[in-house]
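Take a look at the structures below.
Each of the next two complexes has chain A plus one other chain: chain B in the first, chain C in the second.
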Partner chain A sequence: MDPYLIEAIINGILLGGVLALLALGLNLIFGVIDVVWIAYADIVMCGMYVIYFLYVEYGIPLPLTCLMAIASIAALGVVVHLLIIAPVLNSAPINQLLATGGLLFFLQSFATLLFGTDFRNIGVRLPVLEIATLYISFSRLIAFAVGLIGAVALYLFLKRTYIGTAIRAIAQDREIVGLMGVDQRRIYLVTSAIGGALAGLAACLLALQYDVHPHIGNTFGPVIFMICVLGGLGNMIGGFIASFIISQIIAIGGYYANTELSYVLAFTFFIVLMFVRPRGIFAR
Partner chain B sequence: MKTSRRTLLKNSAAAAATLSLDWRYASAQAETVRIGVIFDHSGPFAAGGSVASSIGTQIAIDLCNERGGVAGKYKVVPVNADSQSKADAAINEVERLINQEKVDIIDGVYSSAHAVPLAAKVEQQKKILWITTAVATAVFKDKNLKYVFRAQIHSDQYGQAFAGFITENAKAKLGVEPTAVKVALIHEDGPYGVGVAAADEEYSKKAGLNIVMREGYSAAAPDLSALVTKLKRAAPDVISHVGYNPDITLFLRQARESGLRFKMLIGAGAGYSQLDKLRATFGKDIDNFCNIDPVPAQLLDPKKLAPGIGELTNIMVERYKAKANATDVPPHCSMGFNQTWILLNSVLPIAKEKYGGFDAESVRKAALDVDIAPGGTIQGYGVKFFPPGTQLSGQNERSTPVVMQNAGEHISVVYPTNIRTQEPVLPLPKSSVYSM
Partner chain C sequence: MTVSRIAMLVGLVILIALPAVVPPYFLHLLIQILLWAFIYTAWALMGRFGFVSFGHGAFMGVGAYVPALLWTYYDVTPWIGIPLGIAFSMLLALVIGYPCFRLRVVGHYFALVTLALSQVVLLSLVAARDITGGSLGFTQKAVGHSWYALQFPEKSYFYGISIVVWLIGLYVWQRIDRSINREALEAISEDEDAAAAIGIDVLREKLRVTVISAALTALGGAIYAQYMMYLNPETVSGIAVSLQIVFAVIAGGVYSMLGPTVGSLLTLSLTEGLRVWFGTNFIGAANTIYGILLILCIIFMPQGIVGALKGLRFRLQHTKVAAPAE
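Presenting the complex of A and B:
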């Protein structure tokens, strides 16, 4: 088999891991709270800035920096819920979309104001795994592994814990769960914190591979949203699998055709699927 | 003392005349030239050189005003606009400048993707667009523009410099005939990337170079690993890369991690001209990469330029470092400064004194009169605009790019040979992580 094709497939799988982690948080929030956080990728951007400043400017060790970034973005998730999502929870979906869309522009402009337009890099260079003619990036491998572990951990949390069960229950029927004594407000806050923490975790992994700048969210936002819709908004397993489908279309399409066309192929696939299964591939 | 009615009237008339004279005098003193200045102060283009260009432009305006203004009399008042790295925002801002701010002259424009629609729009409204930074030849080619001018180089010249540099050094440095040199052309897919890559391809073919791959990509793509894998398969000796900043860092990082090796990488300005930013990310990894762009003024020997030009460069460099808190002065600063300085000092005085004003028609006629010999600007080239009716009407026919090579903070000019400051290091030394 063509070794370069194998390399393209492996790269596609590794990219899928990163996209899956990003999609996980967005799907969790939509599944439970029923609001699409259009600004999710920009919340990841905030996490990347936290990592940059703590690690580069203040010299805090990277693992500790990552934990602090996860905690601070989890807190940001709660703040976003309290200030922006909670007031529009019962509004029309278009108003909710406009509110989170407004947050997107606010975060980008605020980051530009605070940090300028420069591209910043944490300067960590991880080694490369060489197997015969194949080169595999450690930073991508770590991102993939952590993405996978994050997905499994979230799955176990939702299946095995009381709060997880409450979150799943509220995702199924938010009215009835209230009647059963579950504090919806608390569950929303916990979900926003977990969604934020997942964004913080994604920020840790992206900071190893990408420069941070105020518009980094635009690089991932549209693709993540497409993945979530493709897998069925709110369907975490669907989103997880859709991440790998899209990343393979990008990787193999890019290899056989060209990089521009690979994204055209991915979006064409998405549009066609929306005609065939408008609620997503894995919608029940 | 009793004042007669006649005396009172005479004195009043004299006072009124004096006041009137003073007022007219003051009015002449206060006459200003309002110029719209548009750059990307936010979005990805900002750090890709647009802010540097805007700083260069502002330094030129400040310096002109400190010396009395245009023709020593008319102060320049910039009306700034942010195109936000978006073509639609650029168009809206130019609309605002023309229709609300009532400016007749618009200076700036970083991105070719903005320059193409803006040129058509401003031409239609018969106002002046004075492009400082955007390079796509497509802005002018076969458009017969009459109100759009660019003293800056154009993208076809990148292709000429790329092919010329490789051809000249193939035998001596790479040990092979030019026809045996494998080149790959990769580029962002906007007018800038497509324009430069098309020129690279055209002139490489003319020079007989072996083009093994040409591919475009979106500058906002989250992943370029498929592109890198294909480059590994094509195994080019030389890569020409036309990109902005986020895509360049992504490409170089993925290239290193994927084990891509080559003998030389030649950038085409934009992100490759922001050396301090690239160095912050890649350190020595980017040492000995080449870059084609108009020369940063500070690299030229002032003795070979017209009198006073060296001093102008020193002022620009000093002020840029202070304003941007930077150690490097990128070519984009020189582009913004140089083009604006030409407008303020070689065009507008003629417009006012010979053609009667700062309106678009007078400025257009004055621009066509400009005739600056090579060595007469801080970037070394002369200025003479192609007249209407020619293929590149409005483009400077005397602009020239150079090939630069960097090692740490030291940048040398390595092509054209007659003005080079150092022999090129080619292929990349074995110490480079990208070397074959």
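Presenting the complex of A and C:
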């Protein structure tokens, strides 16, 4: 087989790891709070700016920067929940979608206002691994590994801890859980914070590979939605598998044609699958 | 009723007489307001029944690019190109709408499927960069003043054209508003199963309003392309345009005839005003304020500005009637 094709497939798998992490965060929020955060990718963009400024402008060591980014984006998640989501919790779903869409507009243009449209890079160059004739970028490998670790950690948190159990319970039945003595509002805040933290973690991984600019959310935001819907909104395992399907379509499509057409292919695949399995691939 | 009709006529006469008095810059702004108002009205035809489409960027993109490409590369007059673009856009609406409505893809899921459609059209336009110029866009072949090419260097011609299409949009809105189909569509938006049970052909009603909406949006895109002459995938298709359409309508009010027009007037004057006020040093300022306003609108005025004013008038009248009874 052509080594470039193998490289494309491997890169697809590695991209899938980061997408899976993002899909997990979005799915968690949807499953628990029942609101689609259309601005999720733009919250990741905020995290990338935090990393850029702390690391490049203030010279704080990278691991510490990443921790601070995760913490601040988790806080941003809570703020978003309190200011925007909480007031529309009982509105029509479409109004909730539009409110977070307004947030998308706001974050993108506010970032443009503050930082301009320049592409900024944190300038960390990690080595490229050379296995036989294949070249694999180390930063993608890290992103993939950390993405998987994050997913497993989230799974263990949801399965093993009290709050995790409460979160899963609320996703199953929000009326009864209140009667069991669970404070719904607190769980919503915790969920928003975890969703934010996952976005912050994804920001750390993406900052190693991509330049930061105000509209970077548009590059992978729509893709994350397709993944979540394909896997079934709120279905975390489905979203996890769907990330790898979509990332393979993008990677292999990019090998045979070009990047735009590979995305066209991914979106078309999504539309067709919505007709075949309207509630996601793994719907029962 | 007669008073409001006279007011409407007077308003229309003033609107038609405006080019004689206002400077070209304001005329340019007015043309854009009217064209977008037309597109927003077209979206509201569906949006008012809760069929929230994020795919209108796709219809607009097709409507804009088909005649422009045909004219620039094959010398086909827009008089043929525009109907072709509209037809293609209607076909697209059918191809997406039929399975969606047949398989009950509604709410979030409908919004996301149509969102994917806008991305498909946007990325296809960028991918076909040999003829469309990709993200850099392309400029149509210019021939000066010509009815054949539908190109006019004078703004007043396009001003006239945009008033006509805007009135067409309002007319279609009113026709649907006064038809029996509106009742059917309202029933469908309340409860599809119940609507089907009382004999409404759900699929047909939804498909019809979607195709009409797509056709008008494509026409709006085509006129916009003829006026601007320069086309860029990002400004006529994709998620950004789709969201812009949805938000302006929500801000103005989706349930009243003039709501989308008010939305267009407000958003464009806000954008232009802030742009002039802040200058180009603060590129994002206008949209930042715009974003905040949208969030506030959805939280506090889900009915839109026209809807909120109507509610206020209703309350005022209500208290006036109620007062003597006490």
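As a convention for this text, the second predicted complex is superposed on the first by the 280 of 284 C-alpha atoms of A that agree within 3 Å, B and C clash if a C-alpha of one lies under 4 Å from a C-alpha of the other, contacts with A are read in each partner's own complex, and residues count from 1 in each chain.
Everything below uses one rule, namely that a residue touches a chain if its C-beta (ideal position, glycine included) is under 8 Å from a C-beta of that chain, and two chains touch if they have at least 3 such contacts.
Just so you know, these numbers come straight off a predicted model, no measurement behind them.
Trainee: Fit or clash for chain B plus chain C once both are placed on chain A?
Mentor: The answer is clash.
Trainee: So, A:273: does it touch chain B (first), chain C (second), both, or neither?
Mentor: After superposing on A, A:273 lies clear of both chain B and chain C.
Trainee: When the two structures are overlaid on chain A, which partner does A:118 contact: first (chain B), second (chain C), both, or neither?
Mentor: first
Trainee: So, A:109: does it touch chain B (first), chain C (second), both, or neither?
Mentor: both
Trainee: Which holds for A:36: it touches chain B only (first), chain C only (second), both, or neither?
Mentor: In the superposition, A:36 touches chain C alone.
Trainee: I'd like to know which partner A:214 touches here: chain B for first, chain C for second, both or neither.
Mentor: both
Trainee: Taking the superposition as given, does A:254 touch the first partner, chain B, the second, chain C, both, or neither?
Mentor: In the superposition, A:254 contacts chain B only.
Trainee: Applying the document's definition of touch, where does A:95 land relative to chain B and chain C: first, second, both, or neither?
Mentor: Only chain C is touched by A:95; chain B is not.
Trainee: Per the contact definition in the header, classify A:11: touching chain B only (first), chain C only (second), both, or neither.
Mentor: Touch status of A:11: first partner only.
Trainee: Is A:169 in contact with chain B, with chain C, with both, or with neither (first, second, both, neither)?
Mentor: So A:169 meets neither chain B nor chain C here.
Trainee: So chain A touches chain B in one structure and chain C in the other; where do those two contact lists coincide?
Mentor: In the superposed arrangement, which is not itself an observed complex, chain A uses residues 109, 112, 116-117, 214, 218, 258, 260, 263 for both chain B and chain C.
Trainee: Which chain A residues qualify as touching chain B in the complex?
Mentor: Answer in residue numbers: 4, 7-8, 11, 15, 109, 112, 116-121, 123, 128, 130, 135, 137, 139-140, 209-211, 213-216, 218-220, 223, 247, 250-255, 258-260, 262-263.
Trainee: Contact residues on chain A for chain C in the complex?
Mentor: 36, 84, 87-88, 91-95, 97-99, 101-114, 116-117, 214, 218, 222, 225-226, 229, 233, 257-258, 260-261, 263-264, 267-268, 270-271, 274-275, 278
Trainee: Name, in rising order, each residue of chain C that touches chain A in their complex.
Mentor: Chain C reaches chain A through residues 50, 52, 96, 99-100, 103-105, 107-109, 111-113, 115-117, 119-120, 123-124, 126-127, 239-240, 243, 246-247, 250, 282-288, 290-292, 294-295, 297-299, 302.
Trainee: Can you check the complex and tell me which residues of chain B touch chain A?
Mentor: 41-44, 46-47, 51, 85, 189, 215-218, 220-227, 229-230, 232-233, 245-246, 249-250, 253-254, 256-259, 277, 280-281
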